[in-house]
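Below you'll find the structures, each written out as structure tokens.
In the two complexes that follow, subunit A is the common piece, with subunit B as its partner first and subunit C second.
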Partner chain A sequence: MESTRNKLIGLLAKEKDNYISGQLLSDELNISRSAIWKHMNELKKDGYQIEAQSNKGYRITGFPEKLSENTLKWGLNTDWAGTKIIHKETVASTQLIAHEAARNNAPHGTVVIADEQKEGKGRMNRHWHSTKDQGLWFSLILRPELQPRRAPQLTLLTAAVLADALGRHTQTEPMIKWPNDILINEKKCAGILTEMQAEQDRIQYIVIGIGLNVNQEETELTAETIKKQATSLKVETGKNWSMKALFQNIITTFEKAYDFYIENGFSDIKKKWESYGFKVDQRIQIKTMNKNREAIFKGISEDGALVVEDDNGDLQTLYSAEIEWFNNKGDENVNEK
Partner chain B sequence: MELKANMAGNVWKITVNQGDKVESGQDVVILESMKMEIPIAAEEAGTVAELKVNEGDFVNEGDVIAVID
Partner chain C sequence: MLKIQEIREIIKLIDQSSINEFTYESDGTTVTLKKSDESSSVMQEAVVKQAETLQKQPKKESVPAIEENKKEPPEEVQEINKHDDSNNDDDNNTFEIVSPMVGTFYAAPSPESDPYVTKGSKVDNATVVCIVEAMKLFNEIEAEVSGEITEVLAEDGELVEYGQPLFRVNRN
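What follows is the complex of A and B.
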């Protein structure tokens, strides 16, 4: 029953504008036309908008807001990103499922997305809180033919894509906190976790995890975070946003940027990243293993590392450092516990 | 066999001890670079003869991390 339903939605979803006759559906699904009619009524109850014309057939004119493989794909116009979508209601972490899918040969561009993550992963084993139905929690599988050392560039590319897509879509002014946190009004709205499986000189696959706070109310955010520096699109704009439209915007923007990067290299992505860079040309506090110091954040290097200038005018490239980005507030653990 | 860093970064975690037997594909060290975790795995099965780094060390691309016999 369930699979017939999914096939039916799949058939209707393929044709965005054209009607599909009841006869054709009945032939394809091997069920009677009256069974089709019953299915249609069930779909309408679930929130699908279906138009029926007596001499033409059926077509879908609207999907329910609820995420599913069909709703996310309908109207998505990409060549490879998100052409395969694995949707789950509740998972421990979309990253784990994406790794498993990648090991089982899931194609480049596969997306794993969930309504809710019970053990969402942040960087360095931190937890990422993923409220049910209130945000986009997904992982994207990539199979780039790149040297492993170039993998971090994809994290920065993803950050630039998110800043770009969110800025355009919601009329906000996102900034990127190096290397890959998205801030709106200096509060964290989205995070990125990049994980790689690689040999010495070859990437097997990369999984890019994205967590975006969308429709949480302020109370839902502060109740769940240690430090009150998390935000959502709802909090910043006062509006609810369609998860599906946001997802499609991000995936479409990502595909364009990725193809451009593979073709032309990192330099334009670097410029774009720097245009969104939080505290570029300002003083920041740097904590390394044994000392704290201040320097001016100049931007990022060709491989994505942090470039700072000390008081003697010397430039330094940092691959690993804890930065105090906010005065008197800790940088880490934002929306992570 | 020398196991080398495939990018610059900090040694975040060492997941084996000297003398341990490792399988091919088993993680030996996890680097952190630009907030990414980079697992460095043994390419062949063997014994960890020598660990050349400590947690917290900075390594450049190509630096030897461990020797596996």
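What follows is the complex of A and C.
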């Protein structure tokens, strides 16, 4: 069923402005002309604009903005990323659905995407605000043959991919706040949360959750939970963006970067990450158990940890620390935005 | 090279057998296991050597030591040995759940929630016992055996090392 529809969309789209006859479609797809007609009605319901003229046939004049498995996949030229898409209108969290799908053997590259999340997951179950139809909320299932301790590299890779794709797509200058928040003009535009099921030396699966604010107005971002540090692509560019095009750009960029990483290792990804790194070569405040101190943020290590240089010139690697990114002394302009 | 789990397995097998000495050599690393005369405890020296090699692995890429966790290798090795001894006492029923990566240990899914497990909790293979987080990657650790938690070895919020024991489980 699904694939007949995809083929039908494919045939129509190939012809662009020309009509294609119902007879030809029925021959190509090996279904009756009345079945074609039913499919056309279904497509219209999904938001496709289709013109039908007697003696000429059908042509497609518009694609829907509404997300569906079909529209998201249409035009996506990837080998494995997003070749299986599970789309839901409203979910508690795409992460939960993705975990369930992964436990039921969903293949590497499966995407779970929703128009709306009621309980979007943030770090340590902090809420991620996911308004209906205003952003991209999706989870990507991966089954890498990596040692579990290398897995954190994948979350940094995802951040680099997002920064890369968003920068090119929207002509903005995204930065990555370690380890993986995407900032535009120093406000958070996207977040990544990764969950893994692994044994001691084998990863069963990884679910990478991505939340990207796209078409929210500034007023919609002032909800209590996200306060003033949040932004959307619309706020930053003054434009509405097509979710489908953004999604496909991200997924395509991800597949390339991931395949490259599996083939060549982390070092190029690390360089890319650092090129987007927020506050690289600047002073940051580090809070550990009972003291605050300052150090210069030098970049990330091969395993993605934070590398800082203290005032004695000694390098240190931090795996876990609270960093005060925005309130640096001697760095006056940071909060004036 | 042998993994720490494999060494554990070998120790257990030797313990149950009448073998008194066992040597394994690969890639320039030699593991020698000997039973002492009085008891069945394992020669510590050999384990130390192996554990040290294992220890180097995760740190190789990051030159400086991990903050707040500059444990000298011998300290940790002693933990392993202690465990091996207790293993013997408990008729090899004790299983250790170890951390698969460097990261922060979380005993509960969120600060307000109850811990996944506590001492005395019954677990099976798929029971989630904790989360280890590094760079916003949350690793839900499963027990991998069924039994009862006899000891929680890490504290909520503690930075744990690759291979560090997190729980002891008394197998059913």
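Definition applied: the second predicted complex is superposed on the first by the 269 of 337 C-alpha atoms of A that agree within 3 Å, B and C clash if a C-alpha of one lies under 4 Å from a C-alpha of the other, contacts with A are read in each partner's own complex, and residues count from 1 in each chain.
Here, contacts are C-beta pairs under 8 Å (C-beta built on N, C-alpha and C of every residue); 3 or more make two chains touch, one makes a residue touch a chain.
Every value quoted in this text rests on a predicted model; they were computed, and no experiment measured them.
Engineer: Clash or fit: how do subunit B and subunit C relate after the overlay on subunit A?
Structural biologist: clash
Engineer: A:Pro148 in the overlay: touching subunit B, subunit C, both, or neither? Say first, second, both or neither.
Structural biologist: In the superposition, A:Pro148 touches subunit B and subunit C alike.
Engineer: If you stack the two complexes on chain A, which partner ends up touching A:Gln316: first (subunit B), second (subunit C), both, or neither?
Structural biologist: In the superposed model, A:Gln316 contacts subunit C only, not subunit B.
Engineer: Pick one for A:Asn180: touches subunit B only (first), subunit C only (second), both, or neither.
Structural biologist: After superposition on chain A, A:Asn180 lies in contact with both partners, subunit B and subunit C.
Engineer: In the superposed arrangement, which partner chain does A:Ile97 touch: subunit B (first), subunit C (second), both, or neither?
Structural biologist: neither
Engineer: Please determine whether it is subunit B or subunit C that touches the greater number of subunit A residues.
Structural biologist: Of subunit B and subunit C, C contacts more residues of subunit A.
Engineer: Give one of first, second, both or neither to describe whether A:Glu302 is in contact with subunit B, with subunit C, with both, or with none.
Structural biologist: It touches subunit C, and subunit B stays clear.
Engineer: Is A:Glu199 touching anything from subunit B or subunit C once the two structures are fitted on A? First, second, both or neither.
Structural biologist: The answer is both, since A:Glu199 touches subunit B and subunit C.
Engineer: With the two complexes superposed on chain A, say which partner A:Ala163 touches: subunit B (first), subunit C (second), both, or neither.
Structural biologist: Once the two structures are laid over each other on A, A:Ala163 reaches no partner at all.
Engineer: Overlap of the subunit B and subunit C footprints on subunit A, residue-wise?
Structural biologist: 123-124, 148-149, 151-152, 155-156, 179-180, 194-201, 289, 303-305, 319-320
Engineer: Flag every residue of subunit A that touches subunit C in the complex, lowest number first.
Structural biologist: The touching residues are 123-125, 148-149, 151-152, 154-156, 178-180, 192-201, 206, 288-289, 301-305, 307, 314-321.
Engineer: Across the complex, what residues on subunit A touch subunit B?
Structural biologist: 123-124, 147-149, 151-152, 155-156, 179-180, 194-201, 289, 303-306, 319-320
Engineer: Could you list, by residue number, the parts of subunit B that touch subunit A in their complex?
Structural biologist: Residues in contact with subunit A: 4, 6-10, 12, 32-39, 41, 43, 56, 58, 61.
Engineer: In the complex of these two chains, what residues of subunit C are touching subunit A?
Structural biologist: 3, 5, 58, 61-68, 98, 100-104, 106, 109-111, 113, 133-140, 142, 144, 159, 162
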